[in-house]
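Chain IDs A, B and C follow the sequence of writing; residue 1 opens each chain.
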Amino acid sequence: MSQGTTTEELSSLATVTSSKLRTPPWKRRWFVILPFLLILLLFVIISIAPGLFAKHDPIYTELGQRLQPPGFVDPNGLTYIWGTDDLGRDIFSRVIHGARVSLIVAVSAVLVSGILGGILGMLAGFYRGVIGTVIMRLADILLSIPFLLLAILTVAVLGPDLINLVIVLGIVRWPRYARVAYSATLATVNRDFVKASEALGARSGRLLFRHILPELIPPLLVVATLEVGLMILFEASLSFIGLGVQPPDPSWGSMMATGRNYVASAWWIATFPGIAIFLIVLSINMIGDDVRDRLDPKNKRR
Amino acid sequence: MRKSLLAIGFILILVLAGCSVAKQDSEASNDGTSTKDRTLVVDLTNEPANMDPGLNYNFDSFAVYRNIFDNLLSRDPASGEIKPWIAESWEQESETVWNFTIREDVTFTNGEALSAEDVVYSIERILDPTYKSPQAANFNIISSAEADGNIVKITTEQPSPTLLTTLVNLSIVPKDYVTEVGNDAFNASPIGSGAYKFDSWSKGTSIKLSANADYWNGAPDIAAVEFRFVANTASRVADLQSGKAHIITGITADDVPTIEDDAKLQVFSTPTERIGFIAFNMIDDTPTKDPLVNKAIAYAINYDSLIDNLLNGYGTPVTQVLTPLSFGYDRSLLGYSYDPEKAKELLAEAGYADGVTLELATSQNFDQRVVQAIQGDLAKVGITVKINLNDHPTFLQKVQDPERKWGSLRYGIWSCSCMDADGTIFPLFRTGTIWSAYTNPEYDALVDAARATTDPVKRLSLYSDALKILEDEVPGIGLYQVHALYGAVKELAWQPDAQENFFIRDMSWAN
Amino acid sequence: MLYVVQRIAQALISLLGVATLIFFILRLTGDPVLLMVPQDSTAEEIAVMREALGLDQPLGLQYVEYLGQIFTGDLGRSYIQNAPVSDLIMDRLPYTIDLAMAAFILTVLIGIPIGMLAALYKGTWVERVCMPIILIGQSMPAFWTGILLIMLVSVQLKWLPSSGVDGLESLILPAITLASLSIATVARMTRSSILEQLGQDYVRTARSKGASTMRILFRHLLRNSSIPIITVLGLEFANLLGGSVITETIFAWPGLGQLTIQSISARDFPVIQAVVLLGASFYIIVNLLTDLIYGWVDPRIKLRRDAS
């Protein structure tokens, strides 16, 4: 009894291409994806070991060298290849360190909402009745409230910090996974092998975890690949408004919020984080597309 | 297929029709044959909440409605001294009774004469609890106001040294008109006695005023004014550069070079009574309960660098949590200066030779660059500062919670248009106020006494003693006196004042 | 018929749920009174103000009153502006609708053709040009698009204004910013939908009969793939209305989004409640209509849903 389809659901179902017109995914030129995989790899490495790349301390303020353009060399001979921000901090180092924040938030948020939503959706689809109704109704309600508003209000209640940010994103996004898990559970429950198991006396727990859950993973993964990029964008948006990562810790979103006030005088403050966000989300979307294509059942039917 | 084309066409028509809604016939700021008749375009940051003088408490609202209404008293822009305005003279009959004589040549723009009754009505309106005025707190000291001919007799509950400063901010509304049309209609169509009359308000876009030719103080120079609301600073600066606006407010020191580099533009600035300050939590169990720690922090901050680099020189150092423009400022106090070695010494003396971590509470309403600069300075003497940034409502709740568990220090900007120590160091540091995280009975006695007498000599001496206590115990540090900054076109002549009044009647075209 | 009633009942329950959720979350987020009073107020003065606004009553009582007001269509009075909320909303709504409509038009006029081209000319250079456009739209956060446009078009080239509502030219940049994600989504949807149709047998039949691509396109493809496309369009329109918050902030567009952000900063509960309810209602209604149309057009869907 779900309320209606969402754009994401339709998209996820429909990034399919007809198998008759396309070469099968595994034969497609793999090197198209390669540059994006490399970017993603670079992103992960930077997140784990920012010190290898960032030459300056990202939070050290030096008011005497505020707003310096890219290539600035200070009296000690140190170069700031992407310039400094409004407190004299090195932009390059801050972008590097900001990668870690984006990665952590995106991955954690997807995990939290994915697991929460997946389990709730599965339970709703399996038990139906009151439980099912309540869960899906709650999901509908959460989906109807504009995300940004819900996020702002929740952050206002919990306080802005990294963990709360993940919680907020998890709370706001789980309905998307729940919906998918719910429909998939409904579809699976009627299939022969499940009914057979039931007839043989399998307990609910076993049914759920050994038979139904595995069937949910592909569609949930599809949603997850769509969501990772979105989570990075959302974290940036919240930080942009000032409710995400707190100063002096760098976050691409808050750097762009600062840079917005200096578009005419110090364009580098907003530009480099912007390019970083774009590259990462683009890579994730490209790779996600590829994963979705490979997972698509229509392509498997041969 | 045809249906989809039809549908799209229909939508297109809707949009074009809708766009005509969005089209504003903004008076072209640079048209008009005579420059004297040019409409002045002002870019404010926020839209005023409403035009009702009693219901407002922020700069953007003041900037607009104080041109429509007159206030009871005024201040001399240069000396800050309180001067007559609607009240042409006053005398203090006793410690608690004041008589104000009202001018008899003032009329509201609907023709009605302004009388003592209107003044009394304006006061009572604010004090009326059903009216929900945020200014009620300021006027609470008045126990009654009566009109007798052209005299307004005001009685205060106890002797009030700040009554006059409060009355400088009392806007006079027309009693007959307001009671006749009701508050909502009055708000939609305000009528006052000021130099300008209200023309129109396009919600979200602009408010237009035009000159009151019959103004009792002489018709103003500028014929018409349009206030626009542009939230983004960079956009306001862009408007100024492109000629869309003639004067903009809410700029920071970082915008000054851009404006000064442009030959067609100028910057107005003046020191104000606003003060940037740090306040310490000396009630909760935190390291800042120890005055030694606070003194160390006072020595650790590079005030000059803050002012020169962050504020581009648009700030003045202070030696106390008060500006020289406020009554009670004690010039004999030396305050603290930048001395990081001394800071480390004091920290060690306090038992924190290996450093300490402190929590700083702040809100998005305050300049985060200053917060981060403070954090940077303190890091250099071994103090790690953890910043807790919340949005303003959450910040207020946290800091005003009686448990006082909001951390160790906070940065803020304080302003009291009263320009009196009573409006600053009393609410900030006296035991029991909603802000104070400090308690000292001796201090309390001093500031209590200073607000209970109208004798300026006595008050100065009481405040001097009080400020010395503040200097010893360091519940707070004064960082800098804020300078107000405005960007404008070269042809505009104006002298901004310390109270940040935005009277268009004081502006004129210089050519 | 039962289906229709069921769906409407669900929609109403969702609305009630939204109203309740927003009511309670708001009251957890802080105290509007503290923001309204002068800095040097005393605790007693604050209490007086709180009482005047009715915020000192027990939560349950406030909730019941709130529900009652909604049922009578009374949206309350803004704490800050002391004016009826419905007035405030009506002042701002035209601006948001203008922006959403402009973005919607861009979405339709740009998104659908790009999707079609990418599908029909698969494997050629046309697709290789269209796909990146789609991907870029999906990968740029709205605020970045907005800032970039301002930097390039307003500051450097000085072609278009960066704020304000002076006619059509001020609408362009915000509309593009708002539409970027929508265009990408709709283009994708169009592409997949058409591709799916292209694989069907009837297309091969038509081709073998010698029909040209264009003819196939207009006579068959668009009609058959229209349902998912229209669904997406409907949902995107709802999204545009709700998603304009950031765009309105960047371009100082005086719409509902800006009103909401300002009201959240000021904890103006009545306004926030009304705007959220409005946005949610719109979203729920669009979903409801889409479902009903879907169910009417394709009875199989209805049956499948009923079975669940």
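Convention: a contact is a pair of C-beta atoms (placed from the backbone, for glycine too) under 8 Å apart; a residue touches a chain by one contact, two chains touch by 3 or more.
Please read these numbers as outputs of a predicted model, since none were measured by experiment.
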Query raised in the report: When you take the mean of every protein CA atom shown, which chain's own CA mean is nearest to it?
Result: C
Requested in this report: Write down the chain pair with more C-beta contact pairs when A-B is set against A-C.
Outcome: A-C
Query raised in the report: Counting in whole Å, what is the centre-to-centre distance of chain B and chain C, each centre being its mean C-alpha position?
Result: 37
Query raised in the report: In whole angstrom, how far does the Cα centroid of chain A sit from the Cα centroid of chain B?
Result: 43
Query raised in the report: Rounded to the nearest whole Å, what is the centre-to-centre distance of chain A and chain C, using the mean of the C-alpha atoms as each centre?
Result: 21
Query raised in the report: If you look at chain B, which of its residues touch at least two other chains?
Result: 232, 234, 238, 391, 393-394
Report task. Send over the residues of chain C in touch with two or more other chains. Result -> 29-30, 150, 155, 249-250, 264
Query raised in the report: For chain A, which residues are shared contacts with two or more other chains?
Result: 156, 260, 263-264
Report summary line: Per the touch rule, the chain B residues reaching chain A in their complex are 232-234, 237-238, 254, 257-258, 305-306, 309-310, 364, 368-369, 371-373, 375-376, 387-391, 393-394
Query - Touch list for chain C against partner chain B, complex - result: 29-32, 34-43, 45-46, 48-49, 52-53, 80-83, 88, 91-92, 94-95, 97-98, 101-102, 104-105, 108-109, 150, 154-155, 158, 161-168, 170-171, 218, 222-223, 226, 249-250, 252, 254-255, 258, 262, 264-267
**Report entry** Residues of chain C touching chain A in the complex
**Finding:** 6, 10-11, 13-14, 17-18, 21-22, 25-26, 28-30, 122, 135-136, 138-144, 147-148, 150-151, 155, 185, 188-189, 192-193, 195-196, 198-199, 228, 231-232, 235-236, 239, 242-243, 245-246, 249-250, 260-261, 264, 272, 275-276, 279-280, 283-284, 287-288, 290-291, 305, 308
Report task. Provide the residue numbers of chain A that touch chain C in the complex, in ascending order. Result -> 1-7, 10-11, 14-22, 137-138, 140-146, 148-150, 152-154, 156-157, 186, 229, 233, 236-237, 240-241, 253, 256, 259-260, 263-264, 267, 270-271, 274, 277-278, 281-282, 285-286
Query raised in the report: In the complex of these two chains, what residues of chain A are touching chain B?
Result: 60-64, 66-67, 86-87, 156, 159-160, 242-243, 246-248, 260-265
